[in-house]
Structures are given as C-alpha cells and as structure tokens.
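Reviewing the structure listed below.
In order of appearance the chains are A, B, C, D, E, F, G, H, I, J, K and L, and numbering begins at 1 in each one.
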Amino acid sequence: MSEHVYKIVKLVGSSKDGVEQAIDNAIEKAGESVRHMRWFEVEETRGHVEGGKVAHYQVVLNVGFTLDE
Amino acid sequence: MSEHVYKIVKLVGSSKDGVEQAIDNAIEKAGESVRHMRWFEVEETRGHVEGGKVAHYQVVLNVGFTLDE
Amino acid sequence: MSEHVYKIVKLVGSSKDGVEQAIDNAIEKAGESVRHMRWFEVEETRGHVEGGKVAHYQVVLNVGFTLDE
Amino acid sequence: MSEHVYKIVKLVGSSKDGVEQAIDNAIEKAGESVRHMRWFEVEETRGHVEGGKVAHYQVVLNVGFTLDE
Amino acid sequence: MSEHVYKIVKLVGSSKDGVEQAIDNAIEKAGESVRHMRWFEVEETRGHVEGGKVAHYQVVLNVGFTLDE
Amino acid sequence: MSEHVYKIVKLVGSSKDGVEQAIDNAIEKAGESVRHMRWFEVEETRGHVEGGKVAHYQVVLNVGFTLDE
Amino acid sequence: MSEHVYKIVKLVGSSKDGVEQAIDNAIEKAGESVRHMRWFEVEETRGHVEGGKVAHYQVVLNVGFTLDE
Amino acid sequence: MSEHVYKIVKLVGSSKDGVEQAIDNAIEKAGESVRHMRWFEVEETRGHVEGGKVAHYQVVLNVGFTLDE
Amino acid sequence: MSEHVYKIVKLVGSSKDGVEQAIDNAIEKAGESVRHMRWFEVEETRGHVEGGKVAHYQVVLNVGFTLDE
Amino acid sequence: MSEHVYKIVKLVGSSKDGVEQAIDNAIEKAGESVRHMRWFEVEETRGHVEGGKVAHYQVVLNVGFTLDE
Amino acid sequence: MSEHVYKIVKLVGSSKDGVEQAIDNAIEKAGESVRHMRWFEVEETRGHVEGGKVAHYQVVLNVGFTLDE
Amino acid sequence: MSEHVYKIVKLVGSSKDGVEQAIDNAIEKAGESVRHMRWFEVEETRGHVEGGKVAHYQVVLNVGFTLDE
C-alpha cells in the first residue's frame, strides 16, 4: 500500500474570477481523461491584462495521480 | 528600536474554502502559542483532490514574530 | 507584429481583502502611468499580521507592457 | 475564451547545427502527436562534445498546447 | 543519430526499503507503458512517517525516453 | 478533518552508514520531543570526508507534524 | 571610477529569426530611451508556436546602464 | 493605509570600501530621483579584482518605494 | 560522535551598523534560549530606508545547534 | 586556525550499486590527486536506464578541500 | 564501464558572432589542456553592450570530462 | 579582444573579522597560484559559532580569471 507509483502532469488553468477558480478549472478538465487524481501544487500564478484590468488569472500546476490502481 | 530580532516558524495551513482561508487558519492556530506575529510569506500553494474536485487548499508559510518584546 | 519589445516593471500591491484584490490594486495603480499592459506574474505572496490576524495581503508582481505601440 | 486549459509536456530536442534548430526539431516532432501547440520555454541548454568539438546542442523545453479546442 | 527527440515524464516512486528501491519501483512501473527509457534525474526525496518511524521513502523523478525510435 | 495545521521543523541527521540511516536518525531523535510526525522532505544531502573516505553522510530535512491533534 | 551606480531594466525582445536577433531587438529598442547601456543577461528564453512551427523566439533580459555619467 | 502600492527598481552599487558602502552608494544615488524609498534587498554580492586584490565590491539590490504618497 | 542530530532555527537580526552586527545580534539573542549553537548561514540580506538613507540592515539566517549533547 | 581557505571541485561519481557507492567512487577517485578533502555536498542525483532497469546511479557532488595545509 | 568518474569545470566563452560561437570558443580553448570532454551545460547567457549594440555574447558553461580514461 | 575565455574556480574564504576580510583572504590565497583574476561573486555567506558568539565568517565565492593571456 505504501509502494504506489504516481504520475505528475503539468497543466495551466485560467479563470476570470480568481486563483482558486483557475485551479478548479484545470482539475475539472484534467478529470475528463485522468482518474485517481490525488494532489496538486501551484508552480506559477500569472495572468493577462486588458484595458488596464485583469482579464483572467492563470495558474500553472502539477497534478499527481495514482498509476497503479 | 531598529535592532529587533525576529524568529520565523514554518507552518502549513489548510482550508476547503480557498487560499486566504488556509493562510488565516495557520495564522490563527499559531496565535495560540506565539505572540507578536508581524508578517508571513507564502512558500508553496498546494492541495488535495478527491473525487475529481479540490478537497482542500494547503499553504506552506513562514511566519515572523518579534523575540525581544 | 511578432517582433514587439516589452518592458517589465516590478510592483507590490496590497489589500486587506485578499490576493486577487492585491493584484488588482497594483495593476490599477500602474495603469495611471503605464499604457498597453499585457500580462503579470506573481513573484511572491506575503502579508502583515496585526493582533493575531492577517491585516493585509501583499503580492509582488512583474507587469509586462508593450514599448512599441 | 479566457478560460482555456493548457497541458505542458517536457521535451528534449537536439541538433548539430545550433540552439534554434534543436528547438525546431523538438517542436516539429511533438507536432506529429500534439495539435494546438501555443508556446514553449527553454529550461536548459546543453550538449555533447566529441573529439574536442560540440557534436550536438540539446535543449530541454516545455511546450504548452490547448486541451479544450 | 545526434538529432533524437526525447520526452520527459515526471513520476513519484515509493518504497519502504530505501531511496534506490523507490527509484527502481518508478522505473519498473513506467516500463509497462514506455519503451526506450534512457535516463532519470531525482527532483525531490521525501517520505511519510508513521508511529515515529519512516513508513516509506518517496522519490519524485523525471524519466527521459526516446520518441523517435 | 481537512483543515489541519502542521508545523515544519528543520533538522540535520547524520550516519556513517548511509543516507537512509541519516534520515532515520533525525526522525528518531525528533520523535523524543515531537509527536504526530507525518512527513519529511530532504533539502540537502552532504557529508564529511576523513582520510580520503566518507566519514559520515548528513541529510538536512524538513519534518512536518500535526499541531492540532 | 570604481564607484559607479547602475540601473537594471527588464525587457522582452522577440524575433522570428532567432535568439540573438531577439536580444538585439530588445537592446536596440531600449537604446531609444536609455544611454550608456553596459551589459545584459538572459533570464528566460521562450517563444510562440503557430501552425506547428516556431513563430517567434522571445528572450527576457536584464539590461544594465550607468546612472552617473 | 494598508493598501499602498510600491514599485521596485533594481540597482547596482559599488564601493572600494565594502559591502555596506556599496549599498549606501546605490541608495544615495537612487535618492536623487526617487522619493519615499522604504526598503532594499540584496540580490547578489560580487566585485572586481585588479592586481590580485579586490578593487571594488558590487551589490545588486532591489529598492522599494511608495507610489501613492 | 559522527551521528549528531542538529536542529536549525530561522532568525532575522538587524543593526544600524552593518551586516556583521546584524548577524551578531541574532546569534546573541538566540543564545539566551539555545545552547550548543554550531553554525549559521545567511539566507537574505535586506534593510529599511528612512529619509533617503539606510536606517538598518537586516539579515535572515539559519542557525544550527546540537540536539543531543 | 579559523582562517583556512578551501577549494571546491565538482565531480560526477557513478555506480551500479547505489547512491552512496556513487559518492564513494567519486571521493576515492578524487583522493588520487587531492589531499585534505573535508566535506562534500550532493548537487544532483541521476542515472541511466537500460532495458527498463537502472543501469547505474550518478551523483554530481561538490568536494571541498583545504588549500593551506 | 558504468562507473566512470567525471570532473566538471566552469568556463566563460565569448564571441561577437553569437551564442553557439561563444560555446564553441570555450570548448576549443578548454581542449588545449583537457582531454576526454563529454558534455557541457549552459548556466548563464549574458553579454556586453557598446554604442547601443551587442558587442559580444558571453556564455557561462560547465564542461564535464572523464577522469579515469 | 572581445573573445576571451575565462575559467571560474569556487573557493571558501574565512575570517574572524568580517565578510569582506573573508573575501579578501580567499582572493589573496588564490593569487598564489592563479594570475589574471578579474571578478568574483559571492554564492553563500555562512560561519561558525563558538561559545555563543560568531567565531568566524565564511564566504563561498566563484572567482573568474582569464585563460588566454
């Protein structure tokens, strides 16, 4: 049980609403093709500016999932 | 007055509601045993995923407090 | 069109309300003197603590804008 | 439109001719199985030496592509 | 021959016996779906503690394999 | 249950026998004053050399434990 | 003579032709408003991909110039 | 009061006398064009050697100042 | 003798006189509650500016001490 | 006695048996031309894979030795 | 065969013509005193500016060579 | 003239008097076997503590010198 192998994929999520929503969007999208996701870690927080305002937030994240279940 | 000495402790806060709440939870918990907290800095943002959704956000933070007051 | 030159300025925004508001405050202030802002990236998230609670969040960010438009 | 999710894959390209050709080789190869590539970033530049001369340049790069188109 | 393209995948291996066994477990598992693995590099060494003892060691590693053979 | 707060302490363990034993020694010593240890991560691996041989291995590690149980 | 003060500005140059041309474009553009530039250092190399090919290379660089001449 | 916006500029100070004097020289020079400086942080310490001796010390520093006062 | 366990604490010392004095102040203060200090390493050098001059230097340092003597 | 000068050399050791043996091999080889080695620190752990198994482990390490004895 | 020991030396090459030529110049010069060079990795890319143009590119690189052949 | 090749050696200097003296000691010692030193950069500042006081400061530095004069 302690000898799982995990794979980590790197994703970029974005949202006009905030950092958590950008994370949620990436996790939700990844869930369409990957099962058994276990954790994520944020590598970068960034975003685009249009007309002098934040247009959307972007989050680069690593998502780990179990390979052997 | 400019010659304070500070100590920095490393904590992990978590919350199912968001990044700021995870920070707040760690600061509030630290306040039970540490007085004179002055600042924090976020070292990592991460979290756990359950059933294809973010179960909770985790924030690793350094919290500085005055030693000599 | 693909040969733009951008300049990047480093700012610190702060807000008592949260991380996104701290980003927004910095972008809004920068917009008073800089036009054609395109993107930002968060370099540090930190903050001040007063009376055992987060008094305000601070975000150090790089903001990129077009030099040649 | 602002809420795309991207995936990032890490590749190593190489070329005896130079750094740009090593990047181009990796992008071209990736294009055989991945569509909608949008950007790359170089993580390392390295290479092999044979007989006292550079035999080929190698570039480790992250390539981002749209998941949701 | 000098112009191979490699892909790098990020894995987490674990073992209750030690760091090398955690590496070996990840490589062995990866070998079930990836051929032509060439090298690995360790990005993090970590682990879990239970009952005051190390329960298992975990190793985050990048594994490179040839795309074009 | 998802809203634990953890504290992280930084330790250096050493052993003449190897890297895992250096980790084990630090965890065992920490266990004398800290309960509820959950995980560790290795920050540096180093050591001393005497008479042209490795005299002992040293491992700098962060150890996380639950504050609120 | 040894007590100059320099200022460093961060720029992004781009070019469809290569990394050196992207550096040159940024330096040339900076020269329109800054005199006495002395050195540069490359912080990131990146670029955009269109139609499966590199559309342009981008280089993030710090440029140092003398303030006190 | 908690919602200031700061700008950070990167400078290199130098001095034949030592590290603190190099910091002081950069701060003093910056003070000619920037008001409301609040803090600095040292990013690199370096220097030049002539005739087998340190000719001058150089310090790369970020200086933060208030934009909104 | 080669199997000591050390603990590392993170402190911030400050002094209006210079970097070494800031280090000395932190070590001296730490000595009030910690015995058997063995080494330190400087993680950041920074400071505050008032009236266009350095008001005090600050040094963030890790201090290691023996746990098992 | 406290004013030694050390030189640091960077080596890569390898071994099919494990990480410690790769360190030992590098130290032993260095000992053929360098006396008074005092410490080492591991900068990278990596290795080669052949036939789906770890063929050998490689360790990049810095080794410090006294110049003035 | 898998148990080679390598030494890594750090060099700075420069060229007015470009990044690859700066790498080649360093490798060629190193070849005058070092045999059995195997690989290089670029640690920094920088350069000097004169009269508003790049005067030469500089590349800091680590070069690895076999010690035991 | 713009196509020099430099070699960089890594040294540790120490002094009971301060950081600059530790740098000076390393440069002076290096000058016994290396000519044409041009610059240095400080990689780490650290030190030893004895009897609750700083016993000596240590500075890890890279020193660059011309290979081709």
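Here is the rule we use: a residue touches a chain if its C-beta (ideal position, glycine included) is under 8 Å from a C-beta of that chain, and two chains touch if they have at least 3 such contacts.
Just so it is clear, the model here is predicted, and its values are computed rather than measured.
Colleague: What chains touch subunit E and also subunit J?
Modeller: Touching subunit E and subunit J alike, sorted by label: F.
Colleague: Same residues or different residues: which describes how subunit C and subunit G meet, taking over half shared numbers as same?
Modeller: different
Colleague: Identify, among J-L, E-J or C-H, the interface equivalent of I-L, where equivalent means over half of the contact pairs coincide by residue number.
Modeller: E-J
Colleague: For the two copies subunit C and subunit H, what rotation in degrees overlays their C-alpha atoms? Round to the nearest 5.
Modeller: It is a rotation of 120 degrees, to the nearest 5.
Colleague: Roughly how many whole angstrom separate the Cα centroids of subunit C and subunit E?
Modeller: Inter-chain centre distance comes to 38 Å.
Colleague: Could you check subunit F for residues that touch two or more other chains and list them?
Modeller: Answer for subunit F, listing residues that touch two or more other chains: 9-10, 19, 45, 48.
Colleague: Can you name every pair of chains that touch?
Modeller: So the chains that touch one another pair up as A-B, A-C, A-D, A-E, B-C, B-F, B-I, C-G, C-H, D-E, D-G, D-K, E-F, E-J, F-I, F-J, G-H, G-K, H-I, H-L, I-L, J-K, J-L, K-L.
Colleague: In their complex, what parts of subunit E are in touch with subunit F?
Modeller: Subunit E reaches subunit F through residues 18-19, 44-49, 52-54, 57.
Colleague: Under the stated contact criterion, what part of subunit A meets subunit D in this complex?
Modeller: Per the stated touch rule, the residues are 9-16, 25-26, 29-30, 48, 55-56, 60.
Colleague: Would you tell me which residues of subunit H are touching subunit I in their complex?
Modeller: 19-20, 23-24, 27-28, 31, 35, 37-42, 45, 63
Colleague: Considering only the defined contacts, which subunit A positions touch subunit E in the complex?
Modeller: 2-10, 62, 64, 67-68
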